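Presented below are the structures under discussion, each in the form of structure tokens.
Across the two complexes that follow, subunit A remains constant while its partner is subunit B and subsequently subunit C.
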Partner chain A sequence: MTVPLRPPRRLIEITVDGEAVRVPEGDTILDACAAAGKDIPTLCYGDTLTPKNACRVCVVEVEGARTLAPACSRKAEAGMVVGTATERAKHSRKVVLELLASSVDLSTTPRAAEWIDEYGADPARFGPDAATVAQPAKVDNELYVRDYAKCILCYKCVDACGDQWQNSFAIAVSGRGFDATISTEFDAPLTDSACVYCGNCVEVCPTGALSFKTEFDMREAGTWNEDEQTQTTTICSYCGVGCNLTLHVQENQIVKVTSPHDNPVTHGNLCIKGRFGFQHVQNVGASTDG
Partner chain B sequence: MDLRFRDAEPTAEERAAIDALLGGPESAWEGGARTEDDLRFAAHPAEDRRDQLLPALHAVNDRVGWISEGALDYICRRLTVPPAEAYSVATFYSLLSVEPRPPRVLHVCTDLACQARGADAVRRDVESHLGPAGTSWQPSPCLGLCERAPAALALQAGENPTATVYGPADFSDISSFDRLSPSAGQEEAGVRPASIEVSPEGTTARSAVAEVRQEVAGVHLAAPVPPEVGGVFGEVPVRAAVPQAGEPGLVLLRRVGVVDPASLDEYRAAGGYAALRRAFELGPGGVIREVLEAGLVGRGGAAFPTGRKWEATARQFDRPHYLVCNADESEPGTFKDRVLMEGDPYALVEAMTVAGYATGCARGYLYIRGEYPRAIRRLEHAIATARARGLLGEDILGQGFAFDIEIRRGAGAYICGEETAIFNSIEGYRGEPRSKPPFPVEKGLFGKPTVVNNVETLVNVLPILEGGAAAYAAVGTGGSTGTKLFCVSGTVRRPGIYELPFGATLGDLLTLAGGATGTLRAVLLGGAAGAFVRADELDIPLTFEGTRAAGATLGSGVILVLDDTVELPPFLLRIAEFFRDESCGQCVPCRVGTVRQEEALHRLSRRRSAGDLVVLREVGQAMRDASICGLGQTAWNAVESAIDRLGVFAEEAS
Partner chain C sequence: MKKRNRAEHYDRLTHPLVRENGELRRATWEEALDRAAAGFRRNVAAHGPDTFAMLSCARSTNEMNYVGQKFTRVVMGTNNVDSCNRTCHAPSVAGLSAAFGSGGGTSSYQEVEDADVIIMWGSAARNAHPIFFQHVLKGIRKGARMFAVDPRRTGTAEWADRWLGLNVGTDIPLAHAVAREIIHAGLHNTVFIERATEGFAEFAASVEPWTLSVAEQVTGVPAAAIRELAHTYAQADRAQLCWTLGITEHHNATDNVRALINLALLTGHVGRYGSGLSPLRGQNNVQGGGDMGAIPNRLPGFQDILDPEVRARFEAAWQTPIQPRYGRNLTEMLEGMAEGEVTTCYLIGENPVQSEADSLSCIKRLSMLDHLVVQDIFLTKTAQMADVVLPAGAAWCESDGTFTNSERRVQRVRKALVPPGEARDDIWILCELARRLGHDWQYESAEEVWNEVRGLSPAHAGMSYQRLADLQGIQWPCPSEDSLEPPFLHGRLWETDPAKRGRLAPFAVLEHSPPVDLLDEEYPLRLTTGRRLDSYNTGVQSSGFASPLRRGENIELSPEDAARLGVTAGEEVRISSRRGTVVAPVYIDPALRPGLVFMTMHFPDEVDTNALTIEATCPIAGTAEFKAAAVRIDRLVTAKAG
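On to the complex of A and B.
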């Protein structure tokens, strides 16, 4: 795939954990850390979205700053001295993971368990009565499910639905503080909202709070098995745009559809047809009957 | 923008309230009745009026008491805002409701200053009369009526919305609640639409006299309500909040309680608008130089040098520049800005004009918290009068300088006092803080260079210009120049706003306020985000550097006195509850951390445990280090100081 070249940018030098790193001007600390081979945990960061820096799990210590800085959004500045694994940074990451894991179901969040282990986080320390966001999953349509017991309020779905990608504005954050949730107006069901079922919110959800109905049902039934799934990237056949689809197939059935984020045209976004219109591929009985 | 609506329709009343603010709809494209003409042309390009969202939500809430789906949808059609986003904004503010509720709602302050003076009893009385909280009454964070604690505020929706202030509130006999409800007759006499009508000179000049005649402590409707504060009942003269009123040597308070706050002539006769004339002589650069040399720093809590902020904004090439006056005073125990605005509103208008002139702004936004009905009406009146006299508008004092002020009313959110959250709130978004950098001087309101100043900070500019920077800096200490307003409340003999030169000690101030009513136990300096000091630390100098050296903060000038009748653990619990309620929810350390801290304090007040103290400390550290804004970063300060300095929870912890 041809990726258009970006205009050349001046290189600046910053120090990451004592090591000099040269990055193009305008890059974030996270980009610099990646260049230096550092693995910084991120949750609310999305490679196709403007950083919201809400989860604060990527915080690093910048020399001379009063507070820690979110690596995902803070721009690298020449001469900046960054510590990714200082005591303060590790402490904040540990506590953030504890706060999240004690209030939200992170069972389907990729790498959450690994980070909790790595930082020595103990979510149980807040006791059995610690408040959580537990609530029943919202199943109000045939295509995708909103299980807000798994929502860390990263704002990514809101941004993907709103002016960053889809411009549907079907959902927003409602309420305030710990009671805040992602919601349509007056908590109307999706079928009665501005949702166009592009599924671009599902594409960016970092925790599995938003998932294909197929995946949700298979998980409920205990038949979801990622190890047995294959992923095949192909081209959507519905129209002439040529969006790339990655078909996730388990036992010869398409179980969900994603799209490569590095596609220079669509950046991982699809429409309802590409995202959810895969039943006809496997609806063999119906076609022979017809 | 292609918006999708459900089928809800506004009632005629809701529609009228919204049209009164926005004007009638021009076509079916923005919510009007559909005609054949609408089919022959496409919508006008949507004009960006998103910043009218909060005023429109207020309009409905003021008229009906709550915002129905039909009303919300109509607002969205009028302003081209997606309904999900408007709903997200409406549910952010505690004074707005998207659930049906009666037109009259009583807000009972349960916050720190009131808690120290019997708010729990008031709350129990209200509960026994009106039932559980939720619809006809709700517990409220600090109402800024701390000198009259315990306080309550009833907001009555209707065609002429009214507010009734109760302070000190006593609902042991519920008829006191009914008695103060404005009856029809009073409404006719006292209520005038809060907008913008300059009263004829004769009535305004006498209003102060009428107001002073009102009994300070007695029941409060004896005298007619002055027209410029129409619709506000139960108030006492502002003089009652300023024990020093009329004393010589006052600078910021010199006109409060002395000069009729409704009369521009009296304001000018008492030295008003001399500073603006001086500013025009000096030129914008000269004004900034004076403010820099005077050493003025912000009085809202962060103590940033005002002159540097002005200079940085003035230098920006990007235009227009905006001025925002932060009058969203919500720090528990703070009421100085309310007293300034109620007692000397023209001073703020003049100071904003000077600030606009110095920093190259043609428009200033005055963001006043919604819980301050009298301050809002006083400023509306003052701005309208100044405009009518050529002191605001296209050509101020014939100097060719154009500047005007627009009032924006908050709707119940402490976080909107944060300097970037206030931008989002004015722009019609949720009042969530933005990440810095970029800083407001570069990209602030509407993405333009913006200078944000607190009310008290701005009012300080007047004496700087009147007497010169050197004279101003001669008062106070090297690091803290000028005078400072202190909000003295709690269990103290004479609560109120005091003005002292920087350098006086905490003990001096307490002596002035008559001392604690019982044996002094502790003083909370700087509000819920501040720190406790012990009764044996009264020699702390009340300066920025002095409090910092003592490990405390001056914050917004809160001096909350606690004697031995106040139990500390419930007091700390209230601080934690305050931050839990007021966290915007954007970042994890604050959203979940404030909940975990409150839970730990609940457990600690039942049973001491070393583990819970560790939880408090570790979560507190992460909130301080990793939260986006000052709310989360300081939420743990006061509780930490209570544990470390006062030894709360120490005795049995093992």
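On to the complex of A and C.
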């Protein structure tokens, strides 16, 4: 007996910045760029999610196309000629970064500062009165925090909570235009929502708008230090499914738990116990040391 | 609103304890190990090796379980080693190995995504195995039809095409009716039956009385729903049959498992990609513990202890004779304690005082031991009874090693934290004890233990640590470092050459046996037990974090029963069985049918649910009937008139 394999995919050739790249048919331009060693910025792209095309920071120029194409979702086609660093593409990324950074707190978005520098973006150019999404963080439970001042509305959390993974549908986009937000039903606290605290939204959040309460508190206290953290992948101890956990450890304390996105068991998803149920190993009473 | 977010949590054990004048006091490792070893030596010297029993930890690594069973067999000289496997999935192992010669689930998670029909039988996977259920959801999203068979309308049932809400303990009648319907509709796979099975005629005759209407009367499931399940399952190209403790925590659990296996044999839904039988394991390494031989009847690699060739190989490797008979399982160990035949016990990471059915009798039996050593990360209720308490590291994050999951995938466990205080790795502790008992064991690393396993277990031979890391785990069997086997088991059954096909899979002829704890006027309600999403077993682990979902123990009952009893949500009531009484607040759940009530076992320090459950055990696998007790509910105060 044999295992059915996926049908073989033929290779197609496209040109990226003047260089020929061969990728399997069905791959995206972003995949082709990765194969060609090009570093394209992405925010709303998620390696475990269907592209939403929300942020437009990954746009590239496709020869013959009227508009710029989002690299994360546009499929590579044979003979396609792609420019990743044309003036038009760079200018578009610059404006996207300016609009985002002027209205949203990107201080915990990995690489945002680097890209702003690289593309010469000037978020301050809209003046001090530019509209922002600034608002207090929502701290309504002990496990994770929603700091929507950092939200770029990429929808990844909604997709992870909804039909792409968790199927709990605790959050959705509410409102329109600049007033759109990610919200529970009737903006209720999480504790009165359909949330099951799997934290799969935290796993995919690209900006730190969603974060472990431990991380949020340590950042507030100024003790969060990623340079000192180790990341070790092990197996969850709560049931027999065998989920892979990556433990982020600082000073011998687990401060955050993620899961490898390419893992065949989890695909980056966990449940409340695997994601947040680690405290028991580090409950060490003061008296027992005596 | 009264909230019990955080039950009293346990603090880690940070140094050894020994009992002196009836009290546990702090001790050095030296003293604690000497005492532990001396007690074992004294008992074995007085009454022989079979007075010793080990409960090995289904939560710890394969490497620890291997060393633990080796300690039992080589250092102590007995086969009395078992694990809490017994309280959950031993019947799955017994049933699957009786049919196929191997106790593992036959499929992998990916196959669930690629199936056409998924049957979740007695499995609240949506809450108990949430990430497995994500694979089920992928399958459903791709068009698979899902049937949920469960007395409760669980989170799993909410995603089903059909929910078959059967009466507790009527799984065999339902399975028999499904089988009869398949046979009468001519949908059974005659080619597969003739080629790969035996005993079909007797089986077909045995299910003949179970017509749809008879089954409807006994199970409470409408005939049309049974018929639909039968036809859909039989006609599927790829069908998965998954079960959890709803099948196995019964007094006739192995029969329940065999009843489901019969359906797969009848339809040929086994041994092919996408079709299979999947017991979902409840503990992170309960599969691995058994695979490593931490069970009384198997040596590492699930090799039968009664096979002289197997024994000879291990005797040569271990330089010691192995008793040519099965040891005691957990249930028999507890009986042996009561009869004074088991006098010393080494419990590693187990909490039977709170996890066993009929908990009071378990305490009584443990207290009759001459010498009890408990090795754990917490001072559990069981550890509080010990003569010596040895503080261990938490395997999943403070040890190196491997776990084996429900799809037989062996995966690397890695040390991320330094254990607190003087807590030590399980294997270090075992080796120190072995040394004191005359066996100079030295393992430099978990990998060294693993390589010893690979040398003795053909199913694990090809799994080097490097390969396990590179491939994100490997499913057994993996006999060679150069290749990978298919992700499903028993493809041999489809071979045309009888020599390659091997042993035929026997149908089982089974009798329906209703729950032992009968309902009557005095105890009219059926209590079943289970897990909630955010909590785990006896709660020792899960009480450590502040889950917003946690609401403490409740007695959950249907709106109809609540109205009949005149109780309201939140009201504390007395729940009594023929064995014990507890008090818990009422939670009204419209997903329960009248007559069925539900409790968890997550908060034993608040409400000892297992004071109610019955220790009626499966004679083959020894698993107790946690899923079916007869209870009554009484109000604490007389209702005022008006």
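As a working rule, the second predicted complex is superposed on the first by the 278 of 290 C-alpha atoms of A that agree within 3 Å, B and C clash if a C-alpha of one lies under 4 Å from a C-alpha of the other, contacts with A are read in each partner's own complex, and residues count from 1 in each chain.
The rule we apply is simple: a residue touches a chain if its C-beta (ideal position, glycine included) is under 8 Å from a C-beta of that chain, and two chains touch if they have at least 3 such contacts.
Owing to the predicted nature of the structure, the values given are computational and were not obtained by experimental measurement.
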| item | value |
| --- | --- |
| Subunit B versus subunit C as contact partner of A:Asn167, first or second or both or neither | both |
| Touching partner for A:Leu247 - first (subunit B), second (subunit C), both, neither | second |
| Which superposed partner A:Asn53 touches (first subunit B, second subunit C, both, neither) | first |
| First (subunit B), second (subunit C), both or neither touched by A:Gly277 | second |
| First (subunit B), second (subunit C), both or neither touched by A:Val96 | first |
| Contacts of A:Ser107 with subunit B and subunit C, given as first, second, both or neither | neither |
| Partner chain in contact with A:Gln135 - subunit B first, subunit C second, else both or neither | neither |
| Contacts of A:Asn225 with subunit B and subunit C, given as first, second, both or neither | neither |
| Doubly contacted residues of subunit A, that is, touched by subunit B and again by subunit C | 167 |
| Complex contacts: residues of subunit C adjacent to subunit A | 5, 9-15, 59, 109-110, 128-132, 134, 137, 141, 159, 271-273, 280-287, 377-378, 394-398, 403-407, 409, 411-418, 420-421, 472-473, 486-488, 491, 494, 533-534, 536, 540-549 |
| Subunit B-touching residues of subunit A, taken from the complex the two chains share | 53-57, 59, 67-68, 70, 73, 75, 88, 91-92, 94-96, 99-100, 102-103, 125-127, 129-131, 152-153, 155, 162, 167, 169-180, 183-186, 188, 192-194 |
| List of subunit B residues in touch with subunit A within their complex | 1-4, 6, 69, 72, 82-88, 91-92, 94, 98, 413, 430, 435, 437, 580-589, 591-596, 599-600, 603, 611, 615, 618-619, 621-622, 624-628, 633 |
| Residue ranges of subunit A touching subunit C (in the complex, touch as defined) | 1-4, 141-143, 163, 165-167, 190-191, 196-198, 230, 232-244, 247, 249, 252-254, 260, 262-267, 269-274, 276-285, 288-289 |
